[in-house]
Amino acid sequence: MSGLFTDAFIIALLAGVVAATVPLLLAGLGEQISEKAGVLNIGIEGMMLMGAYGGFYVAWASGNLWLGFLGGGIGGMIVGALMALFCVRMGLNQIVVGIALTLGAEGVTALLHYEQFSRLYPRLSVMAPLPIPGLSQIPIVGPALFTREPVVYLAFALVPLFVWLFRRTQLGLMLQAAGDKPAALDTAGVSVPKIRTIAVLATGLLVGFGGAFLSIVAAGVFVPFMTHGNGFIGIVLAMLARGRPSWVMGGALVFGACLSATTALQVAGVDVPTDIIQMLPFVAVMAVLLVAGRKARLPAALGAAYVRGER
Amino acid sequence: ADLTSIAILTPEQGTDYGWNQQGIEGAKAAGAAAGVEVIVAENLGYGDVRPTLQELAEDGAGLLIAHASGYNTAAPEVGAQYDVPVAVVDTPQSLKEGAVADYTASGHQGAYLAGVLAAKMTRTGTVGIVVSGEPPSWNAQSTAFAEGVKATQPDTVIRYAVIGPAAYSDAAGGKRVTESLIAAGADIIFGQGNGSSFGMLQAVETTKATDGGKVLFIDVIGDKTPIDKGFLLSSVLWNLEPVYAGMIADVKAGIYGTHNYDINLKDGSVDLLKTANIPDDVWTEVQAVRQDIIDGKIAVTPKYDAASVHALVTGN
Amino acid sequence: MADPAPIIRLRGVTKRYPGIVANDSIDMEFRQGEVHVLLGENGAGKSTLVSMLAGLQQPDEGVIEVEGVPTALSSPERALELGISTVFQHSMLVPTLTLAENAALGGRWWRNPDRRGHEARMAETAARIGVVLTPSALTGSLSLGERQQAEIVRALMRGARFLILDEATAMLTPHDAAGLGRLMRRLASEGVAVVFITHKLNEAIEYGDRVSVLRLGRKVGGIAPEEMRALTPRAATERIVHLMFGAQDAAAAAVAPPPVGADAPVVLECLALHVADATVPVSAVNLTVAAGEILGIAGIDGNGQKELAEAIAGQRPVSSGRIRLDGAFIDGLDVGGRRRAGLRYVTDDRLGEGTVGGFPVSINLLLKQIGDPPFWQGGIERPAKIDENARAMVKAFDIRTPSIHTPAGKLSGGNIQKLLLARELTGSARAVIFAKPTYGLDLQNIAATRRRIREAAGRGCAAIVISTELDELLELAHRIAVMSQGRIVGIVPNDADARRRIGELMSGVAA
Amino acid sequence: MTTETTNLTSGGLPPRLRAALATAGLSLGPMIGAFVLSGLVLLLMKVNPFDYYGYVFQRGLLSPSGVQATLTRMGPLLLLAASLIVAFRAGLWNLGGDAQFLMGAVFVAAWAPLMVQHLPVWLVLGLSMLVSVVIGAIWGLLPAILRAYQGINEIITTLMMNFLGISLSSALVKLVFADPGTTVPQTRTLPVGDRLPVLFGSNVSSGLVIGLVVILAVHWMMTRTAFGLKLRVVGANPEAATHAGLSVPKLTLAVFAISAGLGGLAGAVAILGQYGNVRADWNPAYAFTIVPLVFLARFNGYAAIGYVFLFSALGIGSESAARRLDVPNYFTLVTVALLLVLLAVTERWAALRRARKGV
């Protein structure tokens, strides 16, 4: 095993943590907004796939990766808009619609891929990394964490942005009110459907970015079903985080680190079945829940449609 | 016996430059050659395949090719029910006269050659194997590749990583894991995966080896030359046409189910792809090994279990 | 005061709900500088009227004029813009936000909610009306009374020119209610139009300039300001009672409870009871209630009364101490066991825990007997028996419901209360705890409920009545215990001197 | 989530029948709508929608073997629907059905092929189903305990246990229960002759009957028994349950035991009736498909039977139509999504109408 744990290898592992974390972080933060506003968004796997497809398509067609991200955000928002229309405006059951949107997005993106890319499998160019002056000079950590694609920094910068948004703005209060007691928000003169629609669209945007990150940066290619359950883990992260963006980030990092650890152990030649390692983050979370017994408080109105005057 | 149509069932769409595409194209070619209609049922997933098998049998298919190890229980059962011969993979013991034959397709001989090639070509002395899961045929190719490497250049380091237990479509995982292997020194990647292999390809194309040079990719089953950007070193090509042609002939001759089928270097159903990235002298040396295998001077035994792979690639 | 033009005028306003006309061509005027009291029995349509003024509901027919202009109050936002501020009957505060954050809610989304500023303004406004509240407290941790105060303060902070208070005094102590009354008067004198809904006629007469009475969705009459001023309180009361209930005399003279014999056996005993609780731990409570006795528990809301009641009923674990019923210790039993032993608890949280709103009346009447014969046989339901029981109870307790299959949540508060009484008082009750048994009820229902309590005691039950309304306890109880900060600070016999002594105990003078 | 409660009133058969008919009617409209919309997509793909749906009906509903396949597929799905009905009516959002299914399946697949060598087949089948119920219930225990005694939301824990169970069942197949006689990581195979008997000489597995009996029993239990009513009280208003002296924690455990146990049973019926073994990395994700159907059925057993039939037929029919017309199978997902959304729209519309009528 001599010489395996070179700087380059450790850097690659750390970079792998980041690459695996970013889509989970975006999915988790996105889900968090919806949940805060009282919408249980089971459709984020679908939003993510649409983001991945839209991101890839635009990036490939325009040759501009940044435009690709825009496309991914729009792709996610299209699914988000459907979710908002069906669940917020029409008050349909959120679980039914969420699952339907996920299935639909899986089908649509796979069909589109089949029509457009399945014979050529075009791959994108690499997004140029942006070294952070100073920090990127630190050995190991510098090249691994501070010589990344600009979108990575932006994704992590969302965490303080969200903390600010939730704690320091009216929107934060409104989202919380929409989730905990929509009638109170309504009688305070703020439209509940409007706030929830904004929340769901924001979810679509963020989760779409997460999907675009997968196809544009993390893989450089689109293949059907490539989100591979990332969206569902995002739901778990958002629920465990109880409204705190930093916890979403923490959770996403734990998951990312576990994935990277799997690779590290295997490359190091340690013979651990991947099935077992894959279970680790879930086992860890269940153990924490069991031991710490934290009440994972969810918004009181989560999942319920709000109809003014109905009791 | 009279045979007018055969059917092939694949778990995924036949556009993967890999397992599914090879199965479908092989069946089509064999059918065309023998004047037999070929019904294709693709993208059936790994769930409940019985209804499709039954329908194909009812539609008159005279041979059902169940092209996924996940179908190896259902196919013989439906075949027995409808009295239609079936072909399965990964279960040689299910051979049954007139009913079931196995064509455990493994390019292990080709993978061995790929290992020889990799050992000769590596600059850094480290090669990597990335797989998106551990099904039998990939395990066989992974072990054979490792054996080929070790036989050629015993001090070559082999790094092995599985993306995840069933990460067939995890392209991002493919790229991430491949990048780690490259960072661990590998400058040649032997990659096996469906959708995820495009992520591996992307990693190879966009990451420099530790010596600053180019990383090269060895693919399996299909020929990705049409979509290559100059990083494809080779591919363990499969050609299932002879296998299916043999089946068709055997069904017609009434001897189906008396023996299993395989793919090998000898009849050309397995081969190593020559690309511009392979220098001629190396290619010549590899061809010599190829001949040795065909002549039986080198025996490559397939090992289908994951434990054998791990035993070979750990401890270096 | 000269007759000012009405700020809001309703013309033929009608609102229908499935199967009911909640408001039936109502004409009404609300003027600047006036406290306009809306009266009416439960379900008369008062809150419906409020919800239209607040922009929550739209009239099916008729016009709402704001300063003479027909105006669509299409949303709460629009109503707030027009200066209409509402304290709803049911709390409209977000429990997971602080009081100040609740007050801050609304405005441009990117704005900082300015917690500090709102906390300061809230404290200031509270001080102005003489209530004490902590603006930085989490709403969910406060009692219903404290929340109601906060809602009133929030409404005032908005600087409304049209203020609606829907049963805003229901949760307040008499002292705080009086404070709110004085405030209404002051606001009116500052030119605000106030709409005040209450079931307490004394409040209506004391603070109101004008009274309108609703009955079955119709406006059946009212008293204009000049007439109001002319009437004596007693005469005004009679007028109103007549309007509300027709000829019957609902507020029949209170009958004193029958005295308890000195030899009456002790039924319910609490011995040094301690109940752990994060906000109000109950400590060292010793109580005895004899057969036929009604023990009142007075105190400001949120001083451990609910915790005590729940601990006795078995819904909340006791940390130490014992409870005895008819001589046998029952603290080891669960809720069901205590019920079978004869202990009953009429909760004040009628919708929250007392009933399952979506289930029919018939099932709610048996909620505490699920699985018991004859309604269930071998665990299988017997619809005929269940319905038969329901019909009998509905009749006996005068529960007004369209059908025994109507979901209980659709009944008005008064009828839900009757449902609870029916459920708890039938069978072999030995001791009954009544938590705020009459809050939110109209006069008739109050009278009926109090009669039930007396009847229960008359049958030899031990009764505990928890109430924040001293008058209620003075009317009902034999002895009155005063609770403060989780302790019983004193127990006084209900005699001529009781009011003064309880007042002292509550204010901590005679601890 | 809305906890809608149906059939609260103890009516006789006619209203129930009427409700069933209404449900059938309410599913027809959305079906036609979904076919029209997905037909437009087909047109974009230059496929004749009439041909496509002709094949769907032909295969899913009209051809004998198609119908038999549809009915066979229903067995495990009905059991999962029953599992979810118990939980959802009790207000517990058990979203871990897939893992419960897989755990039941894996243990039965490991156990039954060995046991048939020693015990009579009927006994093995019976015991296997019992084993699957126990295994499923055990897998549901942790979320149940956390929910009952710590108040931890079961959506989170069941989702976590789902991920965990899917990985674990795979690991078990590869590492513990693998059939030594094959290189493929899968369990031993239960011989065809030892599986659940087929019905009346057809190809339909008697798993269908088990599914039907169980879902009707569950429906009856939830609507007609004291135990079911207690569960519904807990589901509709846990505070009221506590107030009424019901032991919410114990009932929560019971609900999870039944729900997860039925999930496990569904796995057993799938293995014993159809598959015969479990392969590594196998996850048909049936529960995930069933969740929306159970919601659409408003937790009513009869309606759930209808929806499960509809979806099985659609699945079987679409696979055939896609193959015949060379449409990628992905298209089925689009049809299903459209159908779910339209069914949800109809359900909402019907609910509004009921509300307007003041029921």
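Worth a mention:
First chain written, first letter: the chains are A, B, C and D, and each begins at residue 1.
In this section, contacts are C-beta pairs under 8 Å (C-beta built on N, C-alpha and C of every residue); 3 or more make two chains touch, one makes a residue touch a chain.
Note that the structure is a prediction, hence the values are computed from the model and not measured.
Averaging Cα atoms per chain gives one point for each, and the point farthest from that of subunit C is the centre of B.
More C-beta pairs in contact connect the chains of A-B than those of the other pair, out of A-B and C-D. Each chain gets one centre point, the mean of its Cα atoms, and the points for subunit A and subunit B are 34 Å apart. If each chain is reduced to the centroid of its CA atoms, subunit C and subunit D end up 46 Å from each other.
Subunit A and subunit D have CA centres that are 29 Å apart. Chain centres here are Cα averages; for subunit B and subunit C they lie 76 Å apart. Among the residues of subunit A, those touching two or more other chains are numbered 114, 224, 273, 275, 278. Touching two or more other chains at once is no residue of subunit C. Residue positions 167, 170-171, 174, 328, 330 of subunit D are each in touch with at least two other chains. Contacting chain pairs (ordered by label): A-B, A-C, A-D, B-D, C-D.
Residues 168-174, 176-177, 180-181, 183-191, 198, 300, 308-309, 311 of subunit A are the ones that touch subunit C when the two sit in their complex.
Contact residues on subunit A toward subunit B in their complex (touch as defined above): 1, 3-4, 6, 8-9, 11-13, 15-16, 19-20, 23, 114, 118-126, 214-215, 218-226, 228, 259-260, 262-264, 266-267, 269-271, 273-275, 278. Interface residues of subunit C, counted against subunit D in their complex, comprise 17-19, 314-315, 334-339, 345, 347, 349, 352-360, 363, 367-368, 370-371, 376, 379-381, 383, 386-387, 405, 407. On the subunit D side of its complex with subunit C, the touching residues are 3-5, 8-10, 224-227, 229-230, 232-233, 236-237, 239-240, 242-247, 355-358. Interface residues of subunit B facing subunit A in the complex, by the touch rule stated above, are 13, 15, 17, 134, 159-162, 164-165, 167, 169-177, 179-185, 195-196, 198-199, 201-202, 205-206, 210, 226-227, 229, 306, 310, 313-316.
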